[in-house]
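This structure is in structure tokens; I'll ask about it shortly.
Per-chain residue numbering starts at 1, and chain names A, B, C and D are given in the order in which the chains are listed.
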Amino acid sequence: MMLKELREKVYEANMDLPKHGLVVFTWGNASELDREKGLFVIKPSGVDYDELTPESMVVCDLDGKVVEGDLNPSSDTATHAALYRAWGEKIGGVVHTHSRSAVAWAQAGRDIPAYGTTHADYFYGPVPCMRGLSEEEIERAYELETGNVIIEGFTERGIDPVAVPAALVRNHGPFTWGKDAAAAVYHAVVVEEVARMAIGTEALAPHCGPAPQYLLDKHYLRKHGPNAYYGQGGAH
Amino acid sequence: MMLKELREKVYEANMDLPKHGLVVFTWGNASELDREKGLFVIKPSGVDYDELTPESMVVCDLDGKVVEGDLNPSSDTATHAALYRAWGEKIGGVVHTHSRSAVAWAQAGRDIPAYGTTHADYFYGPVPCMRGLSEEEIERAYELETGNVIIEGFTERGIDPVAVPAALVRNHGPFTWGKDAAAAVYHAVVVEEVARMAIGTEALAPHCGPAPQYLLDKHYLRKHGPNAYYGQGGAH
Amino acid sequence: MMLKELREKVYEANMDLPKHGLVVFTWGNASELDREKGLFVIKPSGVDYDELTPESMVVCDLDGKVVEGDLNPSSDTATHAALYRAWGEKIGGVVHTHSRSAVAWAQAGRDIPAYGTTHADYFYGPVPCMRGLSEEEIERAYELETGNVIIEGFTERGIDPVAVPAALVRNHGPFTWGKDAAAAVYHAVVVEEVARMAIGTEALAPHCGPAPQYLLDKHYLRKHGPNAYYGQGGAH
Amino acid sequence: MMLKELREKVYEANMDLPKHGLVVFTWGNASELDREKGLFVIKPSGVDYDELTPESMVVCDLDGKVVEGDLNPSSDTATHAALYRAWGEKIGGVVHTHSRSAVAWAQAGRDIPAYGTTHADYFYGPVPCMRGLSEEEIERAYELETGNVIIEGFTERGIDPVAVPAALVRNHGPFTWGKDAAAAVYHAVVVEEVARMAIGTEALAPHCGPAPQYLLDKHYLRKHGPNAYYGQGGAH
């Protein structure tokens, strides 16, 4: 069996999603890339979390084709593959969930503003909500085009996917990523937290703007980049 | 004792309701139909979940009369019976809860709009809120007429109960159904999730409409019907 | 030691409050009346729940004076005593909590409207919010006057405390009662549930009125009174 | 190893933060002062809660310099140090969290009004939201200036930090304190509870003012000061 260690990591990342309260039933998936081999490991589609095993994970190539595995891979596999093809030098793990507060923003068709330091610690700017897919895109290749719309959105708005490791797919929900599957899970937790906090903030102060840019800079940069001083010298 | 296996299934379905956080105290019930025998098994009325056993389940005929069981059946038995009489070729399990967010919509007298794909994956259109019962209907046969109002609402609005396996009874709460009791429980979880997400969406974007129809089509049809490709070949 | 069995019941009722998520730290108390002896048993003041024992409960007379017990009784003892003096023929248990949603209504100074059947199953009309205490009342005998304001509110508005076993003390929180301490705990859970549902309902339909009176009648009366048919013949 | 007992206490206080649901990942920290030695013990930066031990806690002097410990102290150490330098005669423990509802208020840039007795039992007046830090302050010494802004806010508004043991740092989150680390944790729980209740209150009654001053006085003073009568003679 290929990629034994990676299967284990992806299995653990998937199991962490319901533990963090991000996923009910089978509504989420995590994957991780083996950059050298050009393969990624992803959760099988529609399998209950308590029936998952490292062995049931599916190995795919960067076109999203199954290379090893008895089960169908996640129905979102083509989205994961598109993100790895575009950003595989920068990111090594992808997660998708239907976590409640992030979905509320995605359904509202709105970016999550950077209202505070919880947000800025991980996302260097608003978490962007992508444009909706056209009917033609949906019919042609829905999951692939979902990935393309994310890449297009980041490119057009000049957002670095390392600095903002999350996107809201309109009327759908959050995709997050990171250096590996565990980091993508971490960011899935953060995007749900900041989405929830921001709903509260808007209820209390409907017209408050985002936090000042210099505060956002400070928080992001004390955790990330060459001058980071948070933690013990190893960032997420 | 009759229908031993079905009693076990209905018992398990009922026990899943508090596990999913849908029910406090005794505020919920699940049943399942034995189509060939024309009987269904349902939870007894007002018994604590931790005192339930497969043996305490009650067997009723399609008029809602008790066929076997020492306890009174759920006070909502006539509603379950009405749904099986009308739709028993299509549905095999029914659930009723007072889950919080779905009740909030039912009390507001509003359909839950199809704001996103979480909704569309299971409900092919809004989850409809039924008209209120008249005083005369309530006095005549409250629980029976509750079932009738659901059937009337679906018929008048041309909604297929297989495509939208949930209804909100006005000023009351959700009823859900499915191919068996487990599927009805599943849909009870989903209706609470989408009800909660939709409250958040309306807070963030009061005038946003539902998701585009072609997106709703895509999500429903990738999970249901002859061209479904979600999961491992067996949908709920 | 007096009232051994009653101490046990009151202990259990108090322990159920944090189990139901109604109480953090020591922010709640339950008591039960021994009608014949004219005594009631109540939680000691400010003691952590995991240090409570049946023996640490405090026995008081109907003036709220300690009859047996080494610890100070709950600071709300005079409120409990006032309710037993006024309504002791009808009620046998009292509970006070600071549960979140019920407190939100109390702080807003508003009755919880009877928006649906979850409410009507236990409260035959709105859960009333009392008038605020005057400065003079607070200075004279705060906890006693809190009880008096509840009694006054029910009397002036013609509400039967058996039909509506809950009140919101303005800017404070819910008091509930019932035939014994366990029933009062039950009603404390219900008032929090309906308070939470009603916040959601108002967000979705700001001007919706209460449920029709005939629906409220039906639900209350199918659970309570001579023609009740919910459950197995023993109501709460 | 220095301050063995204090390390144990600070370890326990930190471990209580995720138990109370106030902290996800590493987003919180607690410290406690040894007033005689002029040292305080604080959590290390960015270490997972399940890897913490009493030995991994860091000892700092009142300038925030590490005196003993292999790990970097919390990135918020300079804020803790500033509070101890200014108020060390009065307070002995400090906590910082990103708890959801308190952050929502901090991001909204608003004081939490004293809407009721839950609030008044612990905070004698609104929980104040501090002014934002200037760009210059952030660049010069962010964490130190965060502490200075809290001290300045309390001084300018004439608030006694013992009477109001919590502050909201604008666009950031709550800091709380108390006689020791455990008391600061307690106040961190309370500020989250009252923040959450107050969001509900504003949804229900947007223009309701705070509770009357004489009610707030009564509740604060029955728990605190020479005439306190809540509990068993030992307040928090």
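Following the convention adopted for this analysis, a residue touches a chain if its C-beta (ideal position, glycine included) is under 8 Å from a C-beta of that chain, and two chains touch if they have at least 3 such contacts.
Chain by chain, the UniProt names read as follows: A, B, C, D = L-ribulose-5-phosphate 4-epimerase.
Everything numeric here is computed off the predicted structure, so don't read it as measured data.
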### Message
Counting one step per pair of touching chains, how far is subunit C from subunit B at the shortest?
### Response
1
### Query
Is it true that over half of the residue numbers where subunit A touches subunit D are used by both copies, so same, or is it different?
different
### Task
Please report how many Å separate the Cα centroid of subunit A from that of subunit D, as a whole number.
33
### Task
Compute the distance, rounded to whole Å, between the mean C-alpha positions of subunit A and subunit C.
46
### Multi-chain contact sites of subunit B, meaning residues that touch two or more partners
199, 203
### Footprint of subunit C on subunit B - complex, ascending
24-27, 44-47, 71-72, 75, 98, 100-101, 103-110, 132-133, 135, 138-139, 142, 171-173, 199, 202-203
### Task
Would you tell me which residues of subunit A are touching subunit D in their complex?
115-118, 186, 189, 193, 196-201, 203-205, 208, 211-212, 214-215, 218, 222, 229-233
